[in-house]
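Presented below is the structure to which this report refers.
All chains are identified by letter, namely A, B, C, D, E and F, in their written order; residue positions are counted from 1 within each chain.
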Amino acid sequence: MTAMLPIPAVDPVLDTESWWWEPLAIVGLKVLVVFVIGLVGTMFMVWFERKIVAGMQNRIGPDKAGPFGLLQTLADGIKLFFKEDLIPERSDRFVFKLAPFLAFVPAFLIWSVIPLGGDFSDGRDGTVEWFGQITRVQLADPPVGVLLVLALSSIAVYGVMLAGWSSGSKYPLLGSVRASAQMISYEAALGLSLATVLMAAGTLSTSGIVVAQDRLTDWHLLSTGVVPFVVFLIAMTAELNRPPFDLVEAEQEIVGGFHTEYSSIRFALFFLAEFMNVISMSALLVTLFLGGPQPLLIGSFDLFAVLGPFGGTAWLLLKVFLFLYVYVWFRATLPRLRYDQLMDLGWKVLIPVALGWFLLLAALQLGRDNDLSQVSYVALVILCLIVLGLGYLLFTAAISVARRNRDREGAAY
Amino acid sequence: MEPTTTSFLVLGALLFGIGATGLMIRRNPLVMFMCIELMLNAVNLTFVALATRFSDIDGQTAVFFVMVVAAAEVVVGLGIIISIMRRRPGATVDDLAELRG
Amino acid sequence: MGAVGDVLSDGLGGLSHNVITGRIEDLVKWARSRSSWPASFGLACCAIEMMATGAAHYDISRFGMEVFRASPRQADIMIVAGRVSQKMAPVLRQVYDQMMEPKWVISMGVCASSGGMFNNYAIVQGVDQIVPVDVYAPGCPPTPETLIHAIETLHGLIESGEIMRRREVTGAGADVHVQEIPATSVPVLLGSS
Amino acid sequence: MTMIANEGAQEMRPRSELSARELFREVGSVLRMSEAEAAALGDLPEDPEDDQTMVINMGPQHPSTHGVLRLMLELQGETVLRCKPIIGYLHTGMEKTAEQLTFMQGGTNVTRMDYLSPLNNELVFSLATEKLLGIDGDIPERAVWMRMLLSELNRMSSHLLFMATNGMDLGAVSMMIYGWREREEVLRFFQKVTGLRMNHNFIRPGGLAADLPAGWRDDVLRLLDMLPARLEEYDILMTGQPIWRERLQGVGVITPTEALALGATGPILRSTGVEWDLRRDMPYLRYDEVDFDVVVGTYGDAFDRYAIRLNEIRESMRIVRQILDRMPSGDYRIQDKKVTPPPRARIDESMEALIHHFKIFTEGFRVPEGEVYVGIESPRGEIGCYIASDGSPTPYRMHMRAPSFVNIQCLPHMMRGGLVADAVAVISSVDPVLGEVDR
Amino acid sequence: MSSDVTTDGTEMPVDEDAVLHGCPLVESRGQQVLFVARDRYLEVLRLLTDEGFAMCVDLTAVDYSRFMDRDLPEAIDAERFEVVVNLLDISARRRMRVRVQVPESEPVVPSLFDLHPGTEAMEREVFDMFGIAFSDHPDPSRILMPEDWIGHPLRKDYETGSIPVQFKGAPS
Amino acid sequence: MELIVFVLASAMVLSGAIGVVLFKNPVHAALGLVLTLFGVAVHFVSMEAHFLAAVQVIVYAGAIVVLFLFVIMLLGVDRAEDLSIEPLKLQRPAAIVLGAGVTVLVAGAVVRGADTLGSESSAAAPGDSNIRALARSLYSDHVLAFELTSVLLIVAVAGTVVLTRRLKKSEG
């Protein structure tokens, strides 16, 4: 058994020798900051989405609650808080009460491993000095940070699933069955595209991944080819149940989906969790592929250099913003997919593509590690492409055979 | 005082015992599956405790394999349960004697 | 009213105290009036105008109301838009019962308010026989402007607490049933079969 | 939300309780099976065990059912096995009310049936009344062309609304708002002409209620100039969109035989490739004098119906341009003392005119005995008006042949074997107006 | 009221002897109307379908209890109810209206469901509104009114059900 | 500190496990299982097996139990199981005795053998290197086993697909 204290265990940079109030203060401060960012960010996101969607639809959007309607989310929250609560008679009371928290807590916890900023000027590695302590601007930095996020996102399924089941009526059940199938399916594609990043960065810790992207060419967006990024973006949208993958709560089909029977504060928790997930997953995307708080240097000009140590945070916010906008854009533009199309996209497109790309990159990495000559390197690549091509042909052939069989036998699954 | 390897092993034993008891008590095939998972977890716990104890990473490797096998087992088991339940809703293990000679 | 009140006069204008010392009730009333999600209960012609109110030209989202909830559990206002038939009446009542307190009803259009021109066996002569109505929007169908006026009126009533006060006095809260005329046996079953 | 509303025998019952014929109807296979197959199925109704299927209610208050349509769906997983539409939740007793209202007042009534194309309803009622009166040949040219103008504009606004709701049902929220935005422009013109946005009661027996206002031509031209660009936008946003095509193509397929047997008309019939448009094939008004194409589909699927409606907007714009060129001058209503109230100015001058005005609005005008059926092409299909008169000022019986009412019978046929999401697309593509279905 | 219009408004068979499938064929305001006896209803409809009237556009009924002296061909006895079927021939672009007299004592008509499945809802509507039953209809239930409704609203002896307009005091 | 973590996590493990055995409703049992799995994951973390902890949550909680729940919902077998029915008399008490016996035996053996464990201090390298060591062991020493498990997984998946596949009897 190790004798290490639990807090430094998740934050290896912290100097454990001087175990006095400074580390405690730092950790406390970080918890506070993360909490506030989570809540304010969510409030902002709700407002942002409604405003942007309104803008895209030639409307004005909320403008009665507070200046520019900024307090709209607050009003929604207060109203929901003071609304009558109800637990349906046929519901499973305990699970019904538990489910919103199962949805909400993981959404919050993801924030704990996201690097929220740091000092990257002049090639520094993102550590900052607070109260005389060297630390990272990140609540926890466990060696398996990325896996932790994956684990949390797989826990998030429970909230949705149990909510639908415990409501004791049909539409929510339908919604939750959809949700669980969808989330399990896309987890695989998510993991595979993530693996390419891990391979490129050579570490599982989020801070390590950020440090590994210190130049634009090292941003995993570019260094892993754009494919994993795209796969990740799509799979993440699906994981988040955002349009066009929002079948779980497709109003037109299954009313409110899993949260149909929820009202009041419990519904607010789902609402909050959904939007918080959007932000935290966007932050994760930025961390993995866009260098997180790393500045985008134009030459050697840093846009947020004036902010000093907070420059990293500003960069992170800017990048996250970009993706929030992309999500809202998706919502405003794309029609919803159908259930079988969703599954087809996940299993027949995203997973094979992510897997193939991963194999390709792995081969390249192998070549680089073994210092192959130019010729053999090219040969390796060609070999890979041939193998992948064959795999693709085999795959399409298998699909068409399966389809023919299904048409002939009329098999149902 | 800090927990020793022995305490982990005892915990593992308890968990295994509960799992085994549950397996014998319950009739619902799904819950019985869950009890098997409990027993597997007890084994995992023991593996990791001893791996840490002896600083041998192979214990953790074994856990990895256990998890994979558990996943495979659940997939097949649930498949069987689904196909049985479809034909005979509400069946408990006592009713399932299809393979009896 | 301090600086806070001035800054937020746009939104918190209804508050007579400043935010910190103000009674929480005021805050709640403010929140309720600023965020009243409608249950989509479109029935006939009026539903079209109700939806038009949500569209670009009129934009109900300014009041934070573009969140049409499909599930009555999460809705605050039921806008009964259109004629309510005898067959629909039980459903209407059921949806109303499924809504959570506090809840309000806007009766949109003359058909919902009084049966309108359809004074016959099929139509419920006024939806207030089934659910308590807070605001009536006249018109056949009411234009989006009329509906917005009705919504604004309701918001005003919510924010001033008028509706709550009235219910305290008369006991006619939304959860107390208005003396109910059974929806299925209005005296119209005169013909022989 | 699931509803308790219990409609007894109208609801979907377990397969074991059904007659074979009813089962065919609910699975939508009335025409697909031979007699032998049907008999075989009748003996052995394939009965999935009860806990494998789930009967869910969509509606009557459900976001996708366009009002108060209630569908009972039998699902296996998410696949629709059976579908039974239950209607009547908006039954307004309009046909009964029509027997109380005079022919003069009748327009107020019928305009509220299909509230998305009220002018077409008024038009068919007026045409039927005029035919009964025997004055159908005497309507002034200007009135006829004005009716065409309004009818075509109404077709545009109705189809624009279809674009909006179709987009909404498939989750394209912006499309919904865009559709409303364009429709609003058309409604503005209506408001200028008729004074109302909906339920105009503008087309009346004998002509119209008023002449076109000054500047109407510019308004229409502005509309016509604005719309093509917006329709291009729809094409970009929807038509060419892979997800959109995936969602609609091959969904809700119906064959020409089925469509004809079920009496489906309008875009549903045309989507199967049957060229049938009353405007061209049984011309009324002056449709035989204008150039336009009847848009037909090939596959009979939801995408065809979407594309047909989109292109019908374009065709309507073409017709409206021709109407603008050819709009004659003249009177906007027939100068027949029997059916036309005297002009406003005359009432102040002449006692006789005042009495005449009073009588025509209180008693109405007498319509000769007889019965007549007139059908025209509304945006949803053939809308027909059957009037039986006993010689009194009120119709003895007025019946509307509502296209949505008939078209809705296609739902089980289109939904069979589809997914729940397809069901939504199918309802949307049929574009039912429940006011018209239930009357 | 000028009377010149009414002359061509009355039903005037162009040809007194016009007969189609043994049923009197009348021309009314340019529209063809075929009066079919109830017992030959299905048979004639089937013949008409084969002739090209393949589409049944509309099926409705009229309660003539207050207008029994209407104009009918001589061969036809006026009954209380009339079922009116509108047929359409798409290839020849013509319409045909079939009127069937249905006695009050036995308001039953054979169903057209096998011939034109599209009449299913219409027949249910007629049953709901007039109480005319369609024999052999697959689903003879009410369609518009609630299942437990008493009476058939569109019959002439069924009151409109209008209730006097009341002005209630505003809720205080 | 370590002790607190140990006690809390052990409480999670044990209460969850007891829940699995005692809850009547399968969904509740599954939730108990999740609790146990989390407790085990916490133990793994405290023993520096970070990777295994994460995999434990991802694979067990994120996939296996979700699969359980999925099946429960799909089949609708979430009716509470009646624990009062005893198909075999004495089975339950016998099972409890047997289970307790096994537990006591194993635990006793462990405690007795505690001395033989020696007091070798753990020097499992923390952080990344742990994962690297695991990977090295997995892909070099145990590569054959690794390949075999992957074959096993594929076979399992294929087998399940075949198992649960249904052929439609006829169209419908």
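FYI, a contact is a pair of C-beta atoms (placed from the backbone, for glycine too) under 8 Å apart; a residue touches a chain by one contact, two chains touch by 3 or more.
All values reported here derive from a predicted model rather than from experimental measurement.
Path length between subunit A and subunit D in the touching-chain graph (shortest route): 1. Traced through touching neighbours, the fewest hops from subunit C to subunit E number 1. Of all chain pairs in this entry, the one linked by the most C-beta contacts is B-F. For the pair subunit B and subunit C, the distance between C-alpha centroids works out to 56 Å. Computed from the mean C-alpha positions, the centre of subunit A lies at a distance of 32 Å from the centre of subunit B. Averaging C-alpha coordinates per chain places the centre of subunit D 22 Å away from that of subunit E.
Remark: subunit B and subunit D have CA centroids separated by 62 Å (rounded to whole angstrom).
Residues of subunit E in contact with two or more other chains: 144-146, 148, 153, 158, 160-162. Residue numbers of subunit D whose C-beta contacts span two or more other chains: 1, 7, 51, 62-63, 88, 91, 93, 96-97, 177-178, 181, 438. Residues of subunit B in contact with two or more other chains: 2-5, 52, 86, 89.
Those residues of subunit E lying in contact with subunit C across their complex are 131, 144-146, 148-153, 155, 157-163, 165, 171-172.
Against subunit A, in their complex, subunit F makes its touches with residues 1-2, 5, 25, 27-28, 31, 34, 46-48, 50-51, 53-55, 57-58, 61-63, 66-67, 69-70, 72-74, 78, 122, 126-128, 130-131, 164-168, 171.
Here subunit D touches subunit C in the complex through residues 1, 3-5, 7, 60-63, 67-68, 88-94, 96-97, 108-109, 112, 115-116, 161, 164, 176-178, 180-181, 183-184, 187, 197-199, 434-435, 438, going by the rule given at the top.
For subunit E in complex with subunit D, the touching residues are 1-2, 5-6, 8-11, 28-29, 31, 54-58, 60, 62-64, 66-67, 70-71, 84, 86, 90, 93, 95, 97, 113, 116-122, 125, 129, 138-139, 141-148, 153-154, 158, 160-162.
The part of subunit B that touches subunit F in the complex is made up of residues 1-11, 13-22, 24-28, 30-31, 33-35, 37-38, 41, 44-45, 48-49, 51-55, 57-58, 60-61, 63-65, 67-76, 78-83, 85-86, 89-90, 92, 94.
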